[in-house]
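Following this line, the structures themselves.
In what comes next, chain A is part of two complexes: it sits with chain B in the first one and with chain C in the second one.
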Partner chain A sequence: MAQNILQVENVKKYFKVGKKDLKAVDGVSFALEKHKSLGIVGESGSGKSTLARLILGLIPPTEGDVYLLGKSIFKASKNEVKQLRREIQMVFQNPYLSLFPHMTIGSNIEEPLRLHNIGTKKTRKSIVLNLMEQVGVPPQYYNSFPHELSGGQQQRVAIARALALEPQLIVFDEPVSSLDVSIQAQILNLLLELKRKTDLSYIFIAHDLAVVEYVSDLIAVMYLGVFVEFASTEELLNEPLHPYTQTLLKSVPVIGGEIRDITISGEIPSPINPPSGCPFHPRCPYKKEICEIEKPILKEVKPEHNVACHLY
Partner chain B sequence: MEYLLEVKDLKTHFYTKKGVIKAVNGISYGLKRGQTLSIVGESGSGKSVSVLSIMRLLPTYAKVNGKILFEGNNLLSYDDRKIKRIRGNRISMIFQDPMSSLNPTVKIGQQIMEPLLWHHKASKREARQKAIQMLTEVGIPSAKERFDQYPFEFSGGMRQRVMIAMALISEPELLIADEPTTSLDVTVQAQILQLIRKIQEKRGTSVILITHNLAVATMVSDYIVVMYGGRIVEKATTEEFLKNPLHPYTFGLLNSTPVLKSRKTLSPIPGQPPDLRELEDIGCPFAKRCPKKMPRCEKENPPEINLSNTHTVYCWLYT
Partner chain C sequence: MVENYNDVKTINTFEIKERSYFSILWGRFKKNKMAVISLYFIIFLIVVAIVGPLVSPYHYTMMDYTALYQTPNAKHWMGTDDGGRDLATLIVYGLRNALIVGFGAGLVEVFIGILIGAIAGYLGGQVDNILMRFVDIMFALPSFLLNLVLVVVLGRSLFTILLAIGLTSWAGMARLVRGQVLTVKQLEYIEAAKALGASNLTIILRYVIPNSVGPIAVALSFNIPGAMMMESGLSLIGLGVMPPMPSWGGLISQGSRWMLSYPHMILFPAGAFALTILAFTFFGDGLRDAFDPKTE
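After this line comes the complex of A and B, so read on.
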């Protein structure tokens, strides 16, 4: 477990909706090695953002635990938690909402350093300017306010702020989905560059499989609160095993491609009323009797290739 | 009459307190009957405003100039009464967010019948029958029961199907779809695109699709128009577009779009999309970000270069 930066053990998060449970995350386990990038894809309602918040310790799990550098983030003492917080940061979808609008770009990036009492005012400024250079924000923006920057620039600032404490792990939750494609490509390349130059690990959550492929070593496919498939990026794309992953791959629009017949119909069911057995069975073209009764567990069917499906 | 719709030198300018915003600045294209034309561009390119100009769905401080010929008649010369007879009847539109374009307090069935009743095309009874038939056609199961439900009882994909049913019930010649699948999940997006194409084949409706997604555009359309900073930079049949893209912005878009399993490295377009308030009348709108910029690009408007009857690029590189 030593080389694992993150270990997630059977985490569950149920929200109470009236008298019912909304099972946003329903038992997810995985480990992430140092300097690896994990992409999590899923459609809306699959629970990917809730999982991100659990990993960051922002919400307590209903069950299970998350270990960062071998320490439980939910059982650690207050002091330990503060230390752990330095090692894990996050970047959200809407950079404008995640930056303080009344604070300059410089103070926004400086804030985590201040909170952790790092350096003096002077040294902090030079750290901030360094970070701005690293993410490609021109230094003249130091005294600007977030609203004066474009969406792409704001997202760079949010990334700089996440990097300020030199964390070992950053969770990106849909960081490029509100950006235009030409700007999206700039941010994706920035992530690759950061990973190349530092020993950063990251988790990249998105609904766009092509984007996830571009920045991830490993990919997990989420559906109704569980991982239905988890494998290296190459494995997953070249030999998708789960019927849902196969459909997802077929649904991705391709330049110059044809609209392909989608073998599944309908949409992701509500997590308040999840189907019995396998969560995907109502839409699955290969449904068998057992699928309606028993929930398949994620198991390794090939080296580095895990799938939760009764077909295998 | 070859074209169903011909847009000629369309200019839509907004007169605001902060100055004139030239959202659409002289664009021309034609759409043939039964075909699909996609307008591709990033935010602020003017793609949505250009079709809102066709539908005349703009605030009063917008000034529209040029010609919009629908079956040879200039829609811009129509008064309000005349345009209302076209809108929702012969030209229909669907929008990105189906929740905010449906009335949350009115039953789905009522909303679908509305175009027919408003335009006096059917009695209430006929309209009801037709609405149920439309709901079935767009793939909504148990249409009869769903007829009496409210928008919140439908999922996002189902709501977009309702919008399509509503847009098509009056059997329009032209359907304008503004980012119809952008807020939908990818498996649902594929279903909706499939549905639009199926209906088009069956009814011969012409479609204008507004999208920021180049891949979606190439998959569904016969003709592609690329817009940047209020102007068209390139237009071509999809085949020509895929075989021989020419404008540096088109290249930029293609090189910025991740392609599944391609292992290609993305080469983003440097810089930021233009601020429409700062766009100059003279010069190429893309010049500031163009890797192949020449001195004349900022001083003179780019020439119209016709490579074929159907492929046009506006760029000094090809003179």
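After this line comes the complex of A and C, so read on.
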């Protein structure tokens, strides 16, 4: 427990839609060790972003708890929460919307330091310039405004702002999906470099498995608010167990590879009206009788390889 | 090569240039010529209102029965009225009162409007419901009538008039602020601010209000002339500032009585009034352009 930087225990988040519940996150548990990176993949509507906001403590869970460095972010006192905020940061999908539009790049990166009363005006400026160098934003942008920068540069600034408090964990919520492919690669390399140089842990959320596998030690596959498979990156890529993961992997195009049949059909069901039993059964090619009745739980079938499927 | 050298130089000056949000706003504002002229005119009016009474050889109480109904001349630039008072001096004092009422009422309006609007918008739910129903009631009451009642109750000084006008005209501002706060609140950078560890109060003061300030400033620049009109309206029916203190509404109503024989008595106050209102309106237009990023 002590070396786990993050412990998520059976968190659920239901949103009220009319009289029904929208089960955005329906019971997720996992632990993340220090200096590890976890990738979470899933289609739109699978609850990835809601899970990210729960981990950050930005929205209260319907059930369950999140422990950061052994402390519950939802049960901590106001002062403790402010301290915990220094240890966990988030980078959002759209950097243009998440940077403060009325502040310069310099002030944007300085803002977390100011909010936590770190350093003097002078030392903060040198911290900011250092951070800008670290993420590869030229210093002449110090006095520019977010709307004057390109999307890639904006995302670098957002990363610098998240790094300013020297957190132990950063949650990236689809940080590259709004960027061009060449810029995506630069940002991903920046993440790998940061992980190599510092003892940062991070959670990387995306809908693109190819992006996630590049930057993650562990991968969790999310479907309708639950983890259906959770394994080390190598394990998951070489031996995907869950039918959903298998189809996901098959859908990743390979240069020079043959065109393969994609066995998945249809769309992700509505989380307001989830299917009974296994959430994946309406689309599963290996559906059995039990799949319609009983919801499979995530269990360890091999070392470092968990799957929620009745086949195993 | 010379061209290249020039390129490098421009990039360098760009690097050094310190820039603020204000300089960007000014860059956009500048493009609207009428607004810039109006801004200078408003500054000129403010200077006149401050300096005018100090340098004028006359006072608004000084009657001169040897100089009644004079048309503009070297001694009395805008002529005199039916009491032989210097019309230019009266207009300058009237200007001073109009500005005090305009800005004062604007301030009261913005203060109440931001307070109610920001609380309702940010907290939402039941608080929002109750506050906004109250705003609806304020909207439904005819403000001129409410003003009359308030002036009668509070008395007829400059301060009570601006207070009354401010107290009866904040409903629109509150609605505007609430709408702005609702829009800004759900933007991603507010969530980012929460993740950075900012408290609710910090979020409202540092991120929500600065990003809602544009529409508020624009609305204010249109409401200041509105308050001036309201004050003139009150003076016109004899419920404005207590005579002999001059007010534009009072001067216009007085001038209208002598309109046919001595047209200067209505032309000067009405002209000054119209120009002032127009200047504020044009200034508001420019301000709206400045806060609109699409102007560039």
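Here is the rule we go by: the second predicted complex is superposed on the first by the 308 of 312 C-alpha atoms of A that agree within 3 Å, B and C clash if a C-alpha of one lies under 4 Å from a C-alpha of the other, contacts with A are read in each partner's own complex, and residues count from 1 in each chain.
The rule is simple: a residue touches a chain if its C-beta (ideal position, glycine included) is under 8 Å from a C-beta of that chain, and two chains touch if they have at least 3 such contacts.
This structure is a prediction, so every number in the text was calculated from the model and none was measured.
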item: Joint occupancy of chain A by chain B and chain C, clash or fit; value: fit
item: Which superposed partner A:89 touches (first chain B, second chain C, both, neither); value: second
item: First, second, both or neither for A:256, with chain B first and chain C second; value: first
item: Chain C, chain A and chain B - angle at the middle CA centre, rounded to the nearest 10 degrees; value: 80
item: Touched partner set for A:100, first chain B, second chain C, both or neither; value: second
item: Partner, of chain C and chain B, that touches more residues belonging to chain A; value: B
item: Which of chain B and chain C A:248 touches, first, second, both or neither; value: first
item: After superposition on chain A, the shortest CA separation from chain B to chain C (Å); value: 10
item: Contacts on chain A seen with chain B and repeated with chain C across the two complexes; value: none
item: Contact set on chain B toward chain A in their complex; value: 42-43, 155-158, 185-191, 193-194, 197, 212-216, 218-220, 242, 252-261, 266-270, 272-273
item: Interface residues, chain A side, partner chain C - complex; value: 53, 56, 58, 81-82, 85-86, 89-90, 92-94, 97-104, 111-112, 115-116, 139-140, 143-145, 147, 158, 161, 165
item: Residues of chain C touching chain A in the complex; value: 11, 14-15, 17-19, 21, 24, 187-189, 191-198, 202, 207, 210-211, 293
item: Sites on chain A touched by chain B in the complex; value: 43-44, 150, 152-153, 180-186, 188-189, 207-211, 213-214, 237-238, 247-262, 264-265, 267-268
